[in-house]
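The following pair of complexes shares a single chain, subunit A, combined with subunit B in the former and subunit C in the latter.
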Partner chain A sequence: MELTTAASRKKEGRGWAWKGLSGFGKLLLTAYAVLTLYPLYWLFISAFKTNEDFFRHPYALPHVWMKENISRAWELGKMGRAMMNSTLVTVAAVILTLLLGILAGYVLSRFEFKLKKLVMGLFLVGLLIPIHSTLVPLFLMMKKIGLLDTYGALILPYTAFELPITIFLAIGFMASIPREIEEAAMIDGSGWWRIFGRIIFPLCTPIVATISILAFLRFWNDFSFALVFINSQSLKTLPLSLSLFSDGFGTDYSLTMGAMAIAVIPTIIIYLILQDQIMKGMVAGSIKG
Partner chain B sequence: MSTALKSKGFIALALLPALILFLVFVIIPIFWSAYYGFFEWKGLGTAKFIGFGNYNEIIHDRIFWNALLNNLLLVASAIVGQIPVALLLALVLLRNSLFSKFIRSAVFMPMVLSTVVVGLIWGYIYHPQFGLANFILKEIGLGSWTRAWLSEPHINMLAITIPINWSNIGPYMVIYIAALQNIPSEIGDAAEVDGARGWRKLIYVTLPIIWSTVIVTLVLCISGSLKAFDHVIVMTNGGPAHTTELLATYMYNNTFHVYRYGYGSAVSTVIMLVSALLIAVNYAVTKRRSA
Partner chain C sequence: MKWRRSFPLHLLVLPSVLFVLIFQYIPMGGIVIAFQDYKPWLGIRHSAWVGWENFEYIFTYPDSKQVIVNTLIIAFFKIVAGMIVPFTFALLLNEIRLVIFKRSVQTLVYLPHFLSWVILGGILTDILSINNGLVNQFVSWLGFEQIPFLQDGSWFRFTVILSDIWKEFGFSTIIYLAALTAINPSLYEAAETDGAGRWKQTIHITIPSILPIAALVGTLALGNILNAGFDQIMNLYNPLVYNKGDIIDTFVYRQGILGSQFSFSTAFGLFKSVISMTLIVVFYRLAYKYANYRLF
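Now for the complex of A and B:
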């Protein structure tokens, strides 16, 4: 597969194995992209079909655009409630993650103390712990302290599991903030809390964006914790409602497709607006991890 | 920076909330499950200490070994199906042209979807009666290839790997692009002057430079395969007849469907050990390779 032309190679000083793309290469890549997007496209056209249309012509456009599917799914699936729950839990957990994580990251990047190595080591281990191995003990523990089936049953473990990556991202970022700024503030008589709140935290905006994006995606899309820790209909998040929706309305396929379309739209809109930051955040998150 | 006492108070107060939350919800549960793994407990009444009874049962349960095998299959499928495709795409889409950006964002898109949505969409695609997969096969004259993709043993685990690969190629691609863009272009030019082109350049120049990134993505493949729980719960729930069971679904079904909390705890501990082992093996193998 030779996708390089000598001319383009000369022109582009930067770049690695294959520099300019040939027309054939572009065609191949476009086909791959279309194939990748097809299941999503299929979801959206199916969401507007009647069940019969869905069976007979799975990949044609809808004969009649059934907008009712969406509104029926919204009502029958109590999607409004689920969306509110997801929003509430996600926002609360993101805020908690940012506050606790960046504060801890600040301490670990600026101060020397006895147990620092141990604390860092623990958070490092935390990056590697598979969440599913904690489902049973967390369930038992939360049952004991009465936390099961509350918003807290999601917010607290979400935050706890997001802390390690948040802390390491924060520590990495703090290294770029010159200590002179704090020293100057110290001379002015500011205490540490004031320095953190007034100077450090505001300087952290770029990393706050990265952390929030990573946390948002993880919390908004979480299924495992919600499945095990939430039972009440009124507390169910979007992924959990969807999984039950497909059981409850098993044969009403276009209705389930409608519910999925509703659930997917917010994430897709956010992705289209923030895709560069999401990709960058993903890279930062995984390299640290 | 002095004022030692004030600093000490700040360190404690600023670090403790994060540390306590993390210890309570992440670290302590591991010890809890190790502890409860030694008990027979139905969730009600008193727990009965049975020593290594649960572990003994686990290693004699064929379903457990099948689940472990399925997990390893997912790791293999990620390493074979995600890493090379992602690397190839990264090499081709390295330049920040409009076209590259468009393809990149299309490939990355499935990543932001919830795993439940991914599982449900693909569950419909694979549906034996009206699924898109069978429909297309019939249309192109391969009617004999149609099957119940998620029910037939041997086929169903492979069918499950496809949606997982589908949603995970994007992030690896982006990680590789970032790594490749960090290499100074002089190295590439020098390699070409020395006659390293195409595949040779990839294997002898590019790969060694980004090797640490490759290791990171391999670790992510391993931990990612242990997270495939959601897809399986939504698509097959481990069935039929436990053929698509993973360690995590095995743990889940034993704990929350038949209420064997002690047994589930023991399986949780085994999941911990397996993932630690896999990461250690990966580390040892890649270490030797780069030395």
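Now for the complex of A and C:
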């Protein structure tokens, strides 16, 4: 998205000093853009090099394009499994978060009931609870109820920790939807469910997008919960198996690079698809909830 | 009648409430083990109560003071730089009139925010490695000695702070860019009529207009003074830099989960949380009072 700023103001009245400064600014920004992209570019070229090539010519393109690095990393690192785990956990947690969060947000923004203040307070404090301080007690609790080392060990806490912010975003958004729409629908004889399904939910698309993006990012990239709650190889998510990858194949750089290149691709694709939405969502969601 | 009609709807909040209660509040209750000498085979009910002993231990344990200092230093520089860099960047970007250029830079800068520290940690470890790393090959080509970015404590801090800014500042810039779009263009027109150049306009209109947002962001960021970034440190550090790079969160993880010192690490975590939460509440109040900022 392009933010049209007031900089589209008139171009007159700039002297040579300003031109110089502007040129310098452009240079600086270009340098930065290169700096942002270079590590990724380097990762992708390194992923196709032999170990020797990697050390000898770190800046150059690969002498021989070693496509088997990628397939070897995929197999040895059990990347397919990890990617499936990550996808499963992320998708399940995002859906659960959305479902529960939007419904709760709807109820809290539309109805008055006795315990409403208490419920709101509960979520507010939930928003402030720092994740890492309850990590050890959470670990002990999960161990006790046998949840440790299952998909649930990730899906459920992810959802729980994402719910408060989701609910407040949803409440904030739904408060801006005029009640008259619902009243009109009610007069026409629609029940609450119909109103929610046909009117409220479709109107909520922007906030649903924002919530999904935020949640996706959090879950897909999460490292600490996976590190603490998951142990078996077959359940490891992408970040976790990747971090352990370098322990096992630490000296085999081409293999490590191959694995990282594989892991980075889904994120980049999602980024490219959603970057428009993200910018809008952040602008709307970050300052005012 | 009305109550009966809407009763099932209230119930829709229940799953969310249960989720939050079970996974956020019950573990918070588990924090009582900070006041115990918790033994897993005895459980919370039968472990011995030791009062403030674990907390006293925090201040006598030789490593913990260093860990707190490390956390404060790293977080402080991250916060300060995290304010200055996006602010400056937004101003620079605002002055660019070439739309394509502006758009591509804008799109590009927050890409790193999307990458996890596991991947970036892997890339950084290789790029900055001491023998054949990209950067060090360049440094020795220039004729300098190789730099131990991840092997020496002070360099490690520097690396951590710099790479965090590199990753996050583009994303923080979005807020400022949004604030810039909200400036009333007639202000600039008036200034131009009065003969103010671009530089004067920047100083007298642009900067004062987005300063409140900057102050707000900064105030809220101060609540993070004890969050130095678990994922990042975890993926970059090694025993060589524990002295200057170990932070509270990583320390708690090593002692608690790996070392099974459940009570001590929980006490440490609680100590951190109480301070953080106090700070967050105080700063939110300040933000509310002086900038009229409300999250809800």
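Observations on the model:
Quick note on the criterion: the second predicted complex is superposed on the first by the 253 of 289 C-alpha atoms of A that agree within 3 Å, B and C clash if a C-alpha of one lies under 4 Å from a C-alpha of the other, contacts with A are read in each partner's own complex, and residues count from 1 in each chain.
The definition used in the following text is that a contact is a pair of C-beta atoms (placed from the backbone, for glycine too) under 8 Å apart; a residue touches a chain by one contact, two chains touch by 3 or more.
Treat the numbers as computed from the prediction; the structure is a model and nothing was measured.
Of the two partner chains, subunit B is the only one touched by A:186; subunit C is not.
Once the two complexes are laid over each other on the shared chain, residue contacts for A:168 go to subunit C alone; subunit B is not touched. In the superposition on chain A, A:264 makes contact with both subunit B and subunit C.
With both structures placed on the common chain, the touch criterion links A:136 to subunit B and to subunit C. Taken together, the two complexes place residues 2-4, 9, 12-15, 17-18, 21, 25-26, 29-30, 32-33, 36-37, 39-40, 42-43, 46, 54-55, 58-59, 100-101, 103-104, 106-108, 111, 113, 119, 122-123, 126, 128-130, 132-141, 156-157, 159-161, 163-164, 167, 192, 217, 220-221, 223-224, 227-228, 239-240, 242-243, 246, 253, 256-257, 260, 263-264, 267-268, 270-271, 275, 278-279, 282-283, 286-287, 289 of subunit A in contact with subunit B and also with subunit C. Residues 2-4, 9, 12-19, 21, 25-26, 29-30, 32-34, 36-37, 39-40, 42-43, 46, 54-55, 58-59, 100-101, 103-104, 106-108, 111, 113, 119, 122-123, 125-126, 128-141, 156-157, 159-161, 163-164, 167, 182-183, 186, 191-193, 196, 217, 220-221, 223-224, 227-228, 238-240, 242-243, 246, 253, 256-257, 260, 263-264, 267-268, 270-271, 275, 278-280, 282-283, 286-287, 289 of subunit A are the ones touching subunit B in the complex.
Within the complex formed with subunit A, the residues of subunit C that make contact are 6, 9-10, 12-13, 15-17, 19-31, 33, 40, 89, 92-99, 101-112, 114-127, 132-134, 137, 166, 170-171, 174-175, 177-178, 180-181, 183-185, 187-189, 192, 195, 197-199, 201, 206, 213, 227, 230-231, 234-235, 249, 252-253, 256-257, 262, 265-266, 269-270, 272-273, 276-277, 280-281, 295-296. Those residues of subunit A whose C-beta lies close enough to touch subunit C in the complex are 2-15, 17-18, 21-22, 25-26, 28-30, 32-33, 35-37, 39-40, 42-43, 46, 54-55, 58-59, 100-101, 103-104, 106-108, 111, 113, 119, 122-124, 126, 128-130, 132-141, 143, 156-157, 159-161, 163-164, 167-168, 171-172, 192, 217, 220-221, 223-224, 227-228, 239-240, 242-243, 246, 253, 256-257, 260, 263-264, 267-268, 270-271, 275, 278-279, 282-283, 286-287, 289. Residues of subunit B touching subunit A in their complex: 1, 6-8, 10-11, 14-15, 17-19, 21-30, 32-33, 36, 89, 91-95, 99, 102-117, 120-125, 129-132, 135-136, 166, 171, 174-175, 178, 180-181, 183, 185, 188-189, 192, 198, 201-202, 206, 213, 216-217, 219-220, 223, 226-227, 229-230, 233-234, 247-248, 251-252, 255-256, 261, 264-265, 267-269, 271-272, 275-276, 279.
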